[in-house]
Amino acid sequence: MIIDFVNYAINGALLGLLYALIAMGFVVIYRASKVFNFAQGELVVLGGFLQWWMVVSMGLPMIVGIPLAFVLAGVVGLLIERIFFARLVGESVFAMVMVTIGLLVLLRGVVLVAFGPQVRPFPIVFPLQPLVIGELMIPTNLLWGGVLTVLAAIGLSWFFNRTRTGLTMTAVAEDHQVALSMGISVKRSIAFAWILGCVLSTLGAVVFLSGKSLNFLASEIGFAALPVALLAGLESIGGLLLAGVIVGVIQGLATAYLDPLVGGAVGSVLPFAIMLLILLVRPTGLFGWRTIERV
Amino acid sequence: MSKPRAPGFATLAAAAALACALAAPGAALAQTSYGVAMLSDYSGPYADVMPMLGRGREVVLDWWNAEVGAKLGVKLNHKNFDTRYDAAQTASLWPGIKSEMKPIAVLGLGGPDVAALSQRLPDDGIPLFMSTAGYGYAWKPDSWIINPRPTYTHEHAGAFKWLKSRRGGSQPLKVGIISSEASPAYVDIARGIERYAKDNPNEIQIVETIFTEVQPTDLSTQVRRLVRGGVEAISIQTNTAAVVATKRALQGLGAKVPVITSSHNGLPASGKAAGGLDQMEGDYEVYGMAIASDEDTPARRFYEKLKAGYKLAAPWNALTVMGMSQSLYTVRVIEHAIKKHGAQNLTGAKVRETLYAEPVTTEETFGMLPTLKFTKEAPFPIEGLKVNIATIKGGKYVTAATNVDTPAVKKW
Amino acid sequence: MDPAGVFAVRYAQDRALLRTRKQWLALAIFLAALALLPLVVGPRLIAVANIMLISAIVVVGLQICTGYAGQVNLGQAAFMGVGAYTAAVLAEKTGLSFLLTIPLSGVAAAGFGFVFGLSAARIKGFYLALTTIAAQFVFHFAVLNLPGSWLGGSNGATVPPATLFGYRIASDTSLYYLCLICTVIMVCGAFGIVRSRFGRAFVAVRDDDVAAGIMGINVVATKATAFLVGAFYAGVGGALWAYMLRFVAVDQFTLFNSVFFIAMIIVGGMGSVVGALIGVFVIRAIQELITTLGPELAASLPFLGGDIVFASMNVFLGGSIALFLIIEPKGLMHRWNIVKAGYRLWPFPY
Amino acid sequence: MLVLNNVEVMYSEVILALKGITLAVQPGTCVAILGGNGAGKSTTLKAVSGTIESEDGEVSGGSITFEGERIDGLDPAEVVRRGLVHVMEGRRVLRHLTAEQNLIVGGHLAPGAAELRRRLDRVFSFIPPLGGLRERTAGYLSGGEQQMLVIGRAMMAVPKIMLIDEPSLGLAPMMVQDVFALLARLKAEGTTLLVVEQNSRVALELADHGYVMENGRVVLEGTADELRRNEDVREFYLGMTAEGERKSYREVKHYRRRKRWLG
């Protein structure tokens, strides 16, 4: 049925936008420090648990608890920078990336100790009732998520390309020394990037988990969002939207039409296959910065 | 310049330190005491259920030592080994477990234990007693891995049959499956049900098998496809996250289709994750063990007894029942072996032989398990298989049916 | 740095790994100690040693690919899986001897790794590193969805024990010797590779691939070779793994395992074969200590509850990896070299 | 006034790169530091701007004062705030940003958006070629354009003194003329300049005063005229004999070898 096809495509696109939102966390940190954060999925889980803690465990009303969780997430970002990255200024990017791998193991443990391995209910932030337009049925959390993603992308694009603070962050990523010579505080920039990354992950957790359940395994979304980040190119925030939609639609259609044929989860590997193919054609993604080599 | 000489000493020194640390435990065994090793996962993916399951296991062993073993002159020493649900960890622990405890039985937890030990147990002569249902891949004759429950496929086939008879009519029951490729075990369960549907077209018809992630984002389109296809039940044997996501999709669609879960993602656990037991109204959980509902049953009374007399701290739920029943049928088999071969010189092989020689009756397990008649054809009893079904009625967790026959399922 | 009074008078001497008689003696003692280990320690430690030896092969391969050639590789566990499945299928279906299946498994994994390495022709930097994650997903999907008769699908594959002249290599001690011999061969090979033309090309490409290209090094071929070599090691490790467990399933080779392999080279030190061995030893030892001490701790500190104790172990492990990076970013090997140099020079500062 | 008094710089706590440099820059003038590769010219600038920290170096002796206050050991950001901006060697534009974005980064400390806009307009009117390049990606500009851009970027901070490292490096002779013409106008406008240059001829045309460095020390100083007239400088930095002829390469090399000894 053609209407189904449209529905799968729309829902796929919205799912892709959720991936784009998660991937935005990667991009923000990358754009400000050239560090690819492998622990992004764990940050999503942490953001989710902070909200669970505030709203379900502490019993705060959502209107208070969720903003509070965002503040806490920002504090976590700051702590990560202070504890790990502040000491690594001047070390190679490679070392910093390796730290994020250590962080992945560490954060998983922290979540287990602080919140336990139990499956927890996540607050119902968006109405459970899907939006029904004729035959089309659109999940509300993804719809709102899509809107939030687009808004966040516009906001961050503007921030990075137009505002002084955003541009100085880019300057830090490009060249620590030049940034220093112009009086930019490298540490503050990187701290801000991590705070932003943590807050975005928490936002991603709201959309991802609203009304569902949560435990540490939810971190897998970090890797699911990876093809979107790479497809867009690691620097492009606007590009994430398009890449998200491409990946999401293909995944949505594959899950609907290919999975039953094959009898397996084609939808989950296809994004990686597309990513590989596109990277072979355009090595820095669709919108990533081409490397300008200086010899 | 790297010089291999250097780490040599470092390695040796550290190895010595490690050796000291590892050699500490393991007191001399009394003549009439035997070891029962328990493989646990306190820091891996099942860390959330382990405290309940683990307490259930331990307390039953304590109870047996005090009330049964004392009379027989046998004490069963038990000890937990944390495998992190990781085959590599189990493999590295195993030789130490063997030499340290000289176990006559091992209580296993899941797939990685099976993977790491299935080829070794026959050589070592130690049976591995599981608490989970069986898998297609472990369905081999002459096994040293024992399941007290049939395969997950058997259990759900029993539920399908029961649902069909309640519905009446001769049309096959339309079933949807939600599974995941995250673990091969999940895939195995789905393949088993598909095979059963193929062999029994009059019993069930599978509308679709949906593969999703361990933490699904949104299942509304997939579930709508199932609902449109006219499903009468949705079988989910992966995890609670999938159950919650499916329930949300069903609620969004306003569709009332019962979800059938298993012991590890059952109604109380899924209800808790969904924000309340009432969320699971009309859904089912199915397995071949006692249901941990509020009704007064022999199993419940046994639990209360252990709670009062043996400091059983775990709550009355399916996971505690899983741990308790696992220990119970294991100690009963050992008990039979002692009665048959005497308290001295008991071995794992003798325990295993007794398992096939003498059934463990449901009375012996306080109704926690049905009467188990093992044969060498399969790692689980293939005759007289019964399952119990629980549901949520008026927001309350109640038993819907007990001793439901499971149909014959062909090996897949 | 050499001890005082030792000078290289020939080129061969300067290139030699072991320069003094003492060093030869120490190595011989070390190898002899390894060979006699099963006579001294209990079976538990032998099993731990087996896993360490297998990890050592896999991680030395990763060290060549990541530490020497600078190609971050998050697919090492998948490459190991390819090796394990190859060994399983060859041993079960063709009955080939392990003497053949182990190298063939390495070759199969190397082929799989080479495919990902080839994408270096176009993809650079992090993009290349991240495509190796795709290897993990492709492997997982392929095993589960290829016809079950090929690789066993969700059933996994059983492996007959390795046999040599009718002797079953199934006990932990016999497996230990198999693993030990393979590890010694592979580690010697690694020293050979990193000191060869290839090794120098790896380092050049790692440090500056543009400059390396200008110097006439075929950068793409070098990167692809690095993946090929790394994956070959993983494949050999995987084959040994298959012979040890005698049952392989797709969930034994996860992305998280790959992360841990990287953690091992981080802790040991990047760009050093011995560092890789130290990293394997330290991390595996910590893991085993945790597993051993965990139940004891939980028993002696009941107020904490078992779940807290065990979960804290993850924090401890992750924290120590992160700490290593902050305090000792060059790895344990670096610290050792400093200590060693200090010892030789003592009491002079330099 | 910027004063360096007997400054020593140590890298990685072992390599002594500056062995006691003393120099002064009067407000409104241009001072040139001349010398060969590895003489310590760039290190001197980095020590002043504080960026030496990021290369694991430190000012290990002496003092640097600006307008009477110590600035050695200060955070680079604080140094910029006090009105010293460092234009690094090698035209380090932010390659992936546009020319205008590069300028905005340079003016990030401007109080308020209006002030930033005003500064932008000033740069565009001061360096007209940049006006046409606003939206161009900086990495793809020509060498001369990039050099203009980094000078413009430094102007965005409205510095009292600009430290410029090798502005002529790798530029075509025509472009060198343009860049130095721009610096001359900057100086005329009142910005103090401290220029490090290997191209002594152009540098001394612009400078009022000059220092010659060798091996981490100042070996010669004087007004630009004095230096231009100095035999040694003519021979070895301007490459001419007293008669105004070029010396042969061999002779220069010979002298260099002799000169090392002096340092």
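Observations on the structure shown:
Which chain is which? They are A, B, C and D, in the order written, and residues in each are numbered from 1.
As a convention for this text, contacts are C-beta pairs under 8 Å (C-beta built on N, C-alpha and C of every residue); 3 or more make two chains touch, one makes a residue touch a chain.
Note that the structure is predicted; figures quoted are calculated from it, not measured.
Among the remaining chains, those touching chain C as well as chain D are A. Number of steps on the shortest path from chain B to chain D, with steps defined by chain touch: 2. Ranked by how far their CA centres sit from the centre of chain C, the chains are topped by D.
Counting C-beta pairs in contact, the chain pair with the highest total is B-C. Remark: chain A and chain C have CA centroids separated by 31 Å (rounded to whole angstrom).
Rounded to whole angstrom, the centroid-to-centroid distance between chain A and chain B, based on C-alpha atoms, equals 36 Å.
Between chain A and chain D the centroid-to-centroid distance comes to 43 Å (mean Cα coordinates, whole Å).
Residues of chain A in contact with at least two other chains: 112, 116-117, 263-265, 268.
In chain C, 140-141, 144, 307, 311, 313-314 are the positions where the chain touches two or more neighbouring chains simultaneously. Among the residues of chain B, those in touch with two or more other chains are 43, 47, 181.
Two chains count as a pair here when they touch; such pairs are A-B, A-C, A-D, B-C.
Across the complex, chain A is touched by residues 43, 45-48, 180-181, 208-218, 220-222, 224-225, 239-241, 244-245, 248, 251-253, 269, 272-275 of chain B.
Across the complex, chain C meets chain A through its residues 70, 72, 119, 122-127, 129-131, 133-134, 137-138, 140-141, 144-145, 210-211, 214, 255, 259-260, 262-263, 266, 270, 307-308, 311-319, 321-322, 324-326, 329. Interface of chain D with chain A (complex): residues 49-51, 53-56, 75-81, 85-88, 92, 94-97, 101, 104-110, 116, 139-140, 153-154, 157. Residue ranges on chain B touching chain C, taken from their complex, read 1-12, 14-15, 18-19, 21-25, 42-43, 47, 50-51, 54, 79-84, 87-89, 91-100, 111-112, 114-116, 118-120, 123, 136-137, 181, 183-185, 187-188, 191. Remark: chain A residues 7-8, 11, 15, 18, 112, 116-121, 124, 128-130, 137, 139, 141-142, 208, 211-215, 217-218, 220-221, 224, 252, 255-256, 259-260, 263-265, 267-268 touch chain B in the complex.
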